[in-house]
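Going in written order, the chains are labelled A, B and C, and every chain counts its residues from 1.
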Amino acid sequence: MTINEIKVYLEQYFEQVELVGNGDNTIDGPAKIDDAVEGNVSFVANDKYNRYIGSTNASLLIVGKHAPIAKYSDRLSFLKVKDPYTAFVFVLQRFSVPQVIAEPGIDPTAIIGQNVTFGRNVAVGAYAVIGDNCDIGDNTVIGPHTVIMAGVIAGKDCCLYPGVVCYDGAILGDRVTIHSGTVVGADGFGFAPQPDGSYVKIPQIGNVEIKDDVEIGANNTIDRATMGSTVIEKGVKIDNLVQIAHNCTIGENTVIASQAGISGSARIGKNCMIGGQAGFFGHISLADKIQVAGKAVVTKSMHESGQILRGMPAQPIRDQLRQEAMLRNLDSMKKKLDALEAEVRGRSGQ
Amino acid sequence: MTINEIKVYLEQYFEQVELVGNGDNTIDGPAKIDDAVEGNVSFVANDKYNRYIGSTNASLLIVGKHAPIAKYSDRLSFLKVKDPYTAFVFVLQRFSVPQVIAEPGIDPTAIIGQNVTFGRNVAVGAYAVIGDNCDIGDNTVIGPHTVIMAGVIAGKDCCLYPGVVCYDGAILGDRVTIHSGTVVGADGFGFAPQPDGSYVKIPQIGNVEIKDDVEIGANNTIDRATMGSTVIEKGVKIDNLVQIAHNCTIGENTVIASQAGISGSARIGKNCMIGGQAGFFGHISLADKIQVAGKAVVTKSMHESGQILRGMPAQPIRDQLRQEAMLRNLDSMKKKLDALEAEVRGRSGQ
Amino acid sequence: MTINEIKVYLEQYFEQVELVGNGDNTIDGPAKIDDAVEGNVSFVANDKYNRYIGSTNASLLIVGKHAPIAKYSDRLSFLKVKDPYTAFVFVLQRFSVPQVIAEPGIDPTAIIGQNVTFGRNVAVGAYAVIGDNCDIGDNTVIGPHTVIMAGVIAGKDCCLYPGVVCYDGAILGDRVTIHSGTVVGADGFGFAPQPDGSYVKIPQIGNVEIKDDVEIGANNTIDRATMGSTVIEKGVKIDNLVQIAHNCTIGENTVIASQAGISGSARIGKNCMIGGQAGFFGHISLADKIQVAGKAVVTKSMHESGQILRGMPAQPIRDQLRQEAMLRNLDSMKKKLDALEAEVRGRSGQ
């Protein structure tokens, strides 16, 4: 693919793509700026990486409008765009070789229940098991060894990687991606304590609903609701090993990093960012656009949108950072107090 | 099902069930009190939800003996019981449709090893693999794609959901439920450090024993013992993504919330409650009925039963809450100290 | 096996193995020192367990050169070695019965892609699925239900337990062990935020490389790199439920305990020990031989090798322990301050 062809490709997404240098050179793939070799395309989206512009071996860099490239434009070529990071993502997409999760059609070893309907162009992999009364949309791919229990509805263009388990009654929108080992719809953790110390199981008769454009990583657990639905709204992105408990609602476009745990009946707003290993007490609401730092523990509902929370218990980051600084200074505070006490006591002759 | 029939059903479990209102109305299913529509049954078990009694659209509420229902008994019916929460759980059980994990019998695609014995009425799902010398009790269900290695013994009425892996030699009691993706009996994490910095693997030749009435959620890991057994006692309930390391003993009726990690050789007492993401140092003992708050880190054995622990390191909750409060006040403490210092120094002419 | 035979066996590994007592007795298996019965071998590697020497029912103890055994040598036998712990590990290895993960050969139900090459003596279990263009080395065992996508290379003597998923392009060295439920090579968590709050997926076109002698526990997630490789160096040992994000490098012989999470692009040094539930901010470097305590959060790169870190944010353990002690004393510090203030104010007539 020539640099000129990459320029044309990016013009689908950006109003202005400016070429500096030779557009005829061939680009054979993307690379990180410090790993790049001749023939590679890379990018600089942040001024602090400008120092790499002079040293990279890439043949093409995608850069911002004001990148300091003048000195180097005889050595390599540049494409200037408004958002070089996203532009490079599109270039990555262009060069990525599609994975074959399952060959088109239904593998002869797949076991399909009764009354299952398939859209056009579905792929169901080896040893996949699909329960009764499921409905699988156009172009959806069900990986080998994936198990879908009865009554699951999946929309168009979904991709369930090998070894996903989807319990009965789950509803998936369009373009939902679920990576291996993730369990959707296992029972919520509900048991009623009895006077003798034992527990009676609370049947979990609800389900899980996952809306359009959600991507869910590997080995997550998303529990079905006790009654009603656990809901993952449109555009949510979930990393690996995340727990979403029963009856949660995760708002549109919220992202959740690895090993975070969202407790039962939590309502997370839209466009939130939940850091890795963060935790939540149960029945909490989070407003929109809240950022929760890694490892933070949200112990109560947070109603002010857009704030950044950190610590355990989580508090606004400014308060938390001040508290952490004071903690580091506790030692000198103690010394000051001791000195003052000695002075006061000394003066009074004690 | 009529309200009168629900009354009779609950009288199996409760000495007194008092009907207020019309018992002939038909109930078609349970619902949360704020989601309920006509024909639904719901419940109020806590005074703070009394405000919903006047606004719910449910046709039947299960309530406590002293619930303030007088004003509403012309609008909907009530069943008064001693423990409305548990009563509602029984109602949920009554209305829940049993999941079909696997059809009765042994699926022709299941692979069964040599010398395997099955009780009556066993169900083994598609592509399940059962190793040599296993013994599977009456009514036990092995889901599709579940793998049971050699020498596993499972009691009666167990249910292993699709995609469980049970390593060799595990022993399961009666009525054990294990959800998808859980791995029982993988090697404990034991390696002997060598002078050159490398490690020699410590063979893990023990097993896992899971006693009666245990329920284990999805994607947990319960490691086999180095020697002897990792033991999950009767009635234990484990959420999702929990780690139980080698040689642990988890006491009867203890519940463990999601993403908690129980380190090697820990001995957790009976009727404990371990919060989500809690952690433990190794070789720790916990007395009975201890509650460990979410995210707490238990760094030493705790011998006083019934206490509530919180924080890292975990301490009695009163101490921890006081400490958290003082932390929030560090700022004002520092100001006070600075003011006092200025006053003392000022007075002495410094 | 007689004690004399065990002595000869250990002489493969240790220069000096001294027998005290009768070498003709038969040993039928290893046991923990307090569980041991007649015929068992156990060990004492730490003086604090010396008290068991007099009470154990074992017939043979492996002990250090200077263990106080004189009083007991008529009751049981001893083998004295330099490193009794490692010696006992070798004894455990000698007595451990090899697990049968899969029978030798390729199970007729396994599905093998095109252009797959197998070394000698490979075992591929029931329902395993191996994609196109894979290369599996001598003596490697692929468990039942394990899925290996296209283009995976595995060396000699590897063992993938049942239910592992290995995405396309992963490269495994020799003697790599991976336990059930672990997902190798799922997409890294990368999404480019867009002005409307939605995200564009960043294709993850890199892979995972796992070097020789690595052991990986159950239900871990090791993500593929965005570009280039996520690298697990030689001799690394990983427990269960651990997250290794995209583009990480884990240095040689580093061990990572359960539920730790290593964020994207982290570079962990050699011979580090990462405690359970520890967390890392992204793009962090750790020098060699650093120990990170359980639950610690490493928020910045740490360049001094050999240090021990604890707390959140993680700091050198001495600082952290002093800080924790001061925290516990905050109460008395506050009282002191209040008393001093009262004294100063009182004296000045306020």
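Throughout what follows, a residue touches a chain if its C-beta (ideal position, glycine included) is under 8 Å from a C-beta of that chain, and two chains touch if they have at least 3 such contacts.
Everything numeric here is computed off the predicted structure, so don't read it as measured data.
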Interface numbering overlap (same over half, different under half) for subunit A and subunit C: different
Fitted rotation between subunit B and its twin subunit C in degrees, CA, nearest 5: 120
Chain centre separation in whole Å, for subunit C relative to subunit A (CA means): 27
For subunit C, residues that touch 2 or more chains besides their own: 127, 145, 163, 181, 219, 241, 259, 277, 312, 327, 330, 333, 337, 340, 344
Contact set on subunit B toward subunit C in their complex: 111, 127, 129, 131-132, 145, 147, 149-150, 163, 165, 167-168, 181, 183, 186-187, 189, 191-192, 194, 197-203, 205, 219-221, 223, 226-228, 241, 243, 245, 259, 261, 263, 277, 279, 281, 297, 312-313, 315, 322-323, 326-327, 330, 333, 336-337, 340, 343-344, 347
Subunit A contact footprint on subunit B (complex, rising order): 30-32, 35, 85-86, 89-90, 92-93, 95-97, 99-101, 109, 125-127, 143-145, 161-163, 179-181, 213, 215, 217-219, 235, 237, 239-241, 252-253, 255, 257-259, 270-271, 276-277, 294-295, 312, 324, 327-328, 330-331, 333-334, 337, 340-341, 344, 348
